[in-house]
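Structures incoming, each one as structure tokens.
Both complexes below contain chain A, partnered by chain B and then by chain C.
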Partner chain A sequence: MSSISRSLGHVSPAGKVIIPLLVVVFVVAPILTVLVGAVIGPWLLDLLGSNLGIVRFLVAITGVLLFSIPAAFIIIYMELKVIAYMNLRVGPNRVGPAGAAHSVVAGLKVLSKEDFSPANADRFVFTWAPVLVFLTAVMTFLVIPFGPGYVDPATGERVGGLVGQDFNIGLLYLFAVGGMTVVGLLLAGWSSFNKYSLLGGLRSAAQMVSYEIPLTLSVVGLILLAGTMSLTEIAHQQEGWFTSWFVFRQPLGALIFFIAATAEANRTPFDLTEADSEIVAGFATEYSGMRFGFLFFAEYVNVFIVSALMVTLFFGSWNAPVNVNDILNQLHIAPITVDLDPGSLGVGLLLLVMAVPVALTLLFGLPFYLTRSRMPAWQAVVIGFVLFNVVAMGIAFLLAYIGLVWLAGVIWFFIKSFMFVFVFVWMRGTFPRVRIDHLMGFAWKWLLPAALLNLFLTATAIVVVKVLHP
Partner chain B sequence: MTTFTDPIGQHASADDPRIMLDNQIGAFEAVPPYPPRTEREAEFYSLRDGEMFINMGPQHPSTHGVLRVVLKINGEQVVDLDPVLGYLHRGVEKLCETSDYHHVISQVDPLEYVSSLFNEWAPVMAFEKLLDVEVPRRAEYIRVLTGELLRISSHALFQGWMALDLGGLTPILYSFIERDEIVEMLAAITGQRMLFNYFRIGGVNGDLNHEFMSRLGDWMSRAAKQHEANIGLLNENEIFVRRMRGIGKVDKDTALRMAVTGPNLRASGVAYDVRRAHPYSVYPELDFDIPVRGRGPEGGDSLDRYLLRLDEVRESLRIIDQCLHAMPDGPIMARLPRLLRPRPGRAWAAVEAPRGLYGTYAISDGTDQPFRMKIHDPSFVNLQLVGMLMRGNLIADTMAVMASLDPVMGGIDK
Partner chain C sequence: MSVIPGMGLVRGMGLTLRRFFQPKATIMWPEQHADVAPKFRGRLQLLYDEYGTLKCETCFQCAQACPIECIDMGGVDTKGRFHVHWGPAETYGERREESALRRSGRPVADTAYERFAGIDVAPLDAILEAHDFDPGRMLRILEETQAEYGYLPVAALKHISRVTGAWYAQIYGTATSYRHLRFEPPAVEAPAAGTAQVAAEAGFRSALEASLGYGGRAG
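This part shows the complex of A and B:
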């Protein structure tokens, strides 16, 4: 006992916290889980099973909340790094490889700061306004489809799908919830008891209310074409080649949507609400600590949502630009399918799992051992093992890409979304800020008529097509 | 316990710590805590319906230092404003009276810190007039060469700040490339990157060395191209141009009446440049043009002032080229005693600094220290325009106007 206490004496203060935590996590928590599970497990399972809809919804909400944080972290890091290279700087390069953990550490810093609110601020509103902003941003994630579901071979219906909740009024929900952001920003600006904050809040109100109109009108044409407001349905309508993407049928709508969405997300060149050279930091001037963190996260979550919406509505959602199956059909080759059913492989699979790593590790290591006279055998084995892992992961990933429709969908969705995120970052690095009267004039004099024109043209085209091909 | 009586009474200054403590709100109020002293103050510090004050500065990202502007705004519109100076006042003119003539150079160095060689140039010229010293020609050429280099650096920085104040993040870093190259070059001969302390009464402190020449050669081979590239980065940006066109118009008469000098005057259609109007140093021997913009009856706007500075960079490049070709050999310092005691008298010398006429009026009483020194700083004079130009504009325009006037608070507050 004394030896344990003596060795504990050498542990750093951080270690003294971590060691009991480890004990709790690895010893106490599993025992408790098993005990509680044994007592109330059957009852809990029964309860969950009879309320699957609610469970699915809760899981989706939790997933969306959890997903928003790393998404924001990635975008923050991306913005720091991309703008740095545009500015001929290096950007963050201290924490993690190439500074990749920078935004995570910044997030921790924000969490650990003092929870400060200025004197004379409206404490209640001041505290909850950032939460409102953050929640409205995150809740819009709920209807965005990240990947397709399976097609049930028996019934031919689509099952599942990587979407929080597939509303048939998904688009309406998006605009409704997204429009609530302005309330949060206005409250944040008002409650701070700071004139710069007030100006920022009022600017955001004016700007977002104005741009809501062209934003909504720009997708009405698309809704007419698609015949639905469900985002999953819109995504499914863009399957096949990239020519079926809505951007080719609604180019004007896509452009208006992109501009208006930039303004909705308060991004450069429409970042008047937090114009640092004019009104210091706008509605966020008096915020610090995690309250500021919420506002900050919400901004980047909004950037991702706008990019994801752009992809979902106009750029084919999760669909790859090239239809591989179509090409194979043209070449009279049967479509590639991978049936991952371990049962049919039997003992062979077991042997494969045991023998292949050893054989391939030796095989990959051999050339290094033979060509480099100074290399000891163990180094060659390590290199072989690493190479084998890389190759095996690659093959596994390829198989999964071919075999799992949703994985391929998610990959394409994120590739396209982050391309748009890059465009937003790029714009931030290059554009100056517009003035408030130019901004409002642009919304009302150009975007709104253009959106109406787009709607008119689309409706006319639909009627004409219907008359010509009844 | 004695009761505390306020000796100052109601006329306490805003910086009085007791007023800061009594301020329950905890915020620095725009309205001063004393009753209005003038009619103008009384009118300014009374609010009509829908108006409010906003304190822009002294700590604000785009007031180019510690300028405080009390804005009276109605929504986004600036109804009226009141610039408050003095947050960077160091009493440099008074300090100069207690330093000997050589020491003055380092006292005035940090005034207009973006282009500090010009701060030295005017006093040095004034003292040379007092002393009747002839400056060696090589020293004059070196002064012109380094001065024009610094003018380019200052204007490059202006371009970046202009973009930054209008919300563009990137151009400032491209500007700093130019500035960095130039200050590195000057550091090779002066030993410092910002406050060079290089000019001396009767010459300059060090001769051009190999490092300077090689850096200058490298830089000159691509300076013009780099300048065009930096222009291309911004000048065709629609947002940038639209935010400056028609903002902050100054016509010829107003500019002359307000005693504006430098690029701000030339952008209003007056071809006044100290280098041509009152030639000094070797400028009469050099061939360069005075770019002028805004010749129309309406005068020049922010965009004109911006473009004019870009034109000036081209002319400065021409001057540097000629200086390098015509650079004579010879001494870089006149022969002077170590302790200078000029004859009693007065002298005025002015140079064309990047921001306008930078002048020094020095009075000697025959001792080794100037009896009185007055420094005429162009930023201070140009800043008078701010009140006129910002009134009636939007808050965002105040940045475009302020940046286009290119003030440096170090020189304004002295």
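This part shows the complex of A and C:
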């Protein structure tokens, strides 16, 4: 062992990483491959096949975890940049193109900080409170449908869908898990052994508990209309034109939900939990390093969740605002379908793949070469290649959009969600903070009665419609 | 309160959205530099308001913030009783005299305040009249002022500014951008170029060459 360590001592730093990697690749990997392929593989496949629900859950939660980090990064960058633009500043512009890697580098910086906890802090709770906060944020992703499934032609049932788990009580689950955030914040404030942290935790608990009531009540009307709590079902009920979105049937509910959700996500003008420019950072006062990073991430993941919920419940989820098939029907054109079968071309496919890029590159470059006498041929070829790529990507994207229902759905879902994220950032760039007694008074004296009124009106309308059209 | 509740929020949102699309004010330092006048020298000066009262409120923040303590302040309170100041006692005019008197038994001239002292402006007025009070001939005016007084006293610059109407900052900028104009009397009379200096240089040169072994060849 000592001879190995001694010889490793002569190796350059890069070699110290590469040589063990080579050992892993050439020695450990073949052994593992044989072992897995022959022995463990069939057994594992059998195990996975018989526990499909658990596998699906694990895959979903892994995907959601992997998705939440870049989403938070994007939103943080967006916030820096958009608010800077609204302040007539340029904002981050040094790291990456237009400063796009700024938030990622900030995240790396947070990772490299000391893992510090104050003396006399309750170490266990102090460590796990940010994890709880972050997990509740991530777990709410599980029931949000990102895209539609496809309709099985044999049975006529909807299959799949880009959703972690399609609960029939998805909305209830969402509010239940969302309510756990309060526990995490309280734990974080209490375990810091700092009375300011504790007060901050209590302050945020008071705010979030107060706003959870109008938040939940505002969607009860929607549930009455939809007749279901499954988010996928609610999304499917808003198909077609944008007039079928629930915002047009529940405008008051949507408004209350939006305001209460702003407070739930601790966004300006209701960011009293962490009023960074006025008072101590509330429950997060004693946190530093990656623990603070988790709290911070959770905040931005929450912004995305709130936007996604707003879209899912009131703004048509993954549905495009325009029903293209309906327009085509009106114009008596058959709906466009993409049914490519490249395999049927046989050897022709090979020729196509080889010849078309070259031919189109030359074709696109030719006009430039002919019209500009001073342009050398290679420049024209480069321009033609770039143009060909742009056109080919555009066509491929269009075909994918038409052919893959879920892709179109995901695109619309993200467009709408990030529009709402923009609105939240926009609001932060505009509004001053609400005073705490106004905050509580607004929740209890205005939002709660308004939510009850909305519920009452919706129920009355449903009864009236049922009486008139039995 | 506007007619429609919440209208203020909407107008605020509209304002920030308009700002979002407006050109940005940031100067991308160090790639770009702020557009500063080339003659800007940045001399500190107290300003007076339209009633002739000093705008300085004697808050001492400038003196407190000055990292090398080059700003010190003296003042009189509203009843003309106390001289207040910030900074070490020795750097302040009146206290300086007192401490000098205490330590050495004789007053010591404060060179820092000499240049702010008033001057006899009669010769300066003659110069200005000869130049028709024309700020366009500032360089000639300054040169002749220096010839008259030996240097450019601050009081002279202020007088020129007041009479010709040119900005003090502009006159100061002109004066600082020419090497032959100076703001203080020369400390020592410079030896006439030639004789002494050339002799000393020749001595150094021969000693250097001898030590390097060039003496024989050069001779």
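What we mean here is this: the second predicted complex is superposed on the first by the 423 of 470 C-alpha atoms of A that agree within 3 Å, B and C clash if a C-alpha of one lies under 4 Å from a C-alpha of the other, contacts with A are read in each partner's own complex, and residues count from 1 in each chain.
Here is the rule we use: a residue touches a chain if its C-beta (ideal position, glycine included) is under 8 Å from a C-beta of that chain, and two chains touch if they have at least 3 such contacts.
Keep in mind that this is a model prediction, so the values were computed, not measured.
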**Superposed partners chain B and chain C on chain A - clash or fit** = clash
**Prompt:** A:Thr62 contacts which: chain B (first), chain C (second), both, neither?
**Reply:** neither
**Message:** As a test of reading the superposition: which chain, chain B or chain C, is in touch with more residues of chain A?
**Reply:** B
**Request:** Figure out whether A:Met86 sits in contact with chain B (first) or chain C (second), or with both, or with neither.
**Result:** both
**Request:** Scan A:Asn329 for contacts with chain B and chain C and give back first, second, both or neither.
**Result:** neither
**Message:** For A:Trp426 in the superposed arrangement: first (chain B), second (chain C), both or neither?
**Reply:** second
**Prompt:** What is the contact status of A:His438 with respect to chain B (first) and chain C (second): first, second, both, or neither?
**Reply:** first
**Prompt:** Is A:Thr460 in contact with chain B, with chain C, with both, or with neither (first, second, both, neither)?
**Reply:** neither
**Prompt:** Taking the superposition as given, does A:Ala275 touch the first partner, chain B, the second, chain C, both, or neither?
**Reply:** first
**Request:** Of the listed stretches 97-105, 151-159 or 313-321, mark the one in chain B with C-alpha atoms clashing against chain C.
**Result:** 97-105
**Prompt:** Between chain B and chain C, which residues of chain A are contacted by each of them?
**Reply:** 86-89, 429-431
**Prompt:** Which residues of chain B touch chain A in their complex?
**Reply:** 25-27, 52-55, 60-62, 75-76, 163-170, 173-174, 177, 237, 239-240, 242-243, 394-399
**Item:** chain C contact footprint on chain A (complex, rising order)
**Value:** 82, 85-90, 93, 426-427, 429-431
**Message:** Under the stated contact criterion, what part of chain A meets chain B in this complex?
**Reply:** 83, 86-89, 118-120, 193-196, 199, 202-203, 268-269, 271-272, 275-280, 428-438
**Message:** Applying the document's contact rule, which stretches of chain C touch chain A when the two form their complex?
**Reply:** 9, 12-13, 15-17, 19-20, 22-26, 28
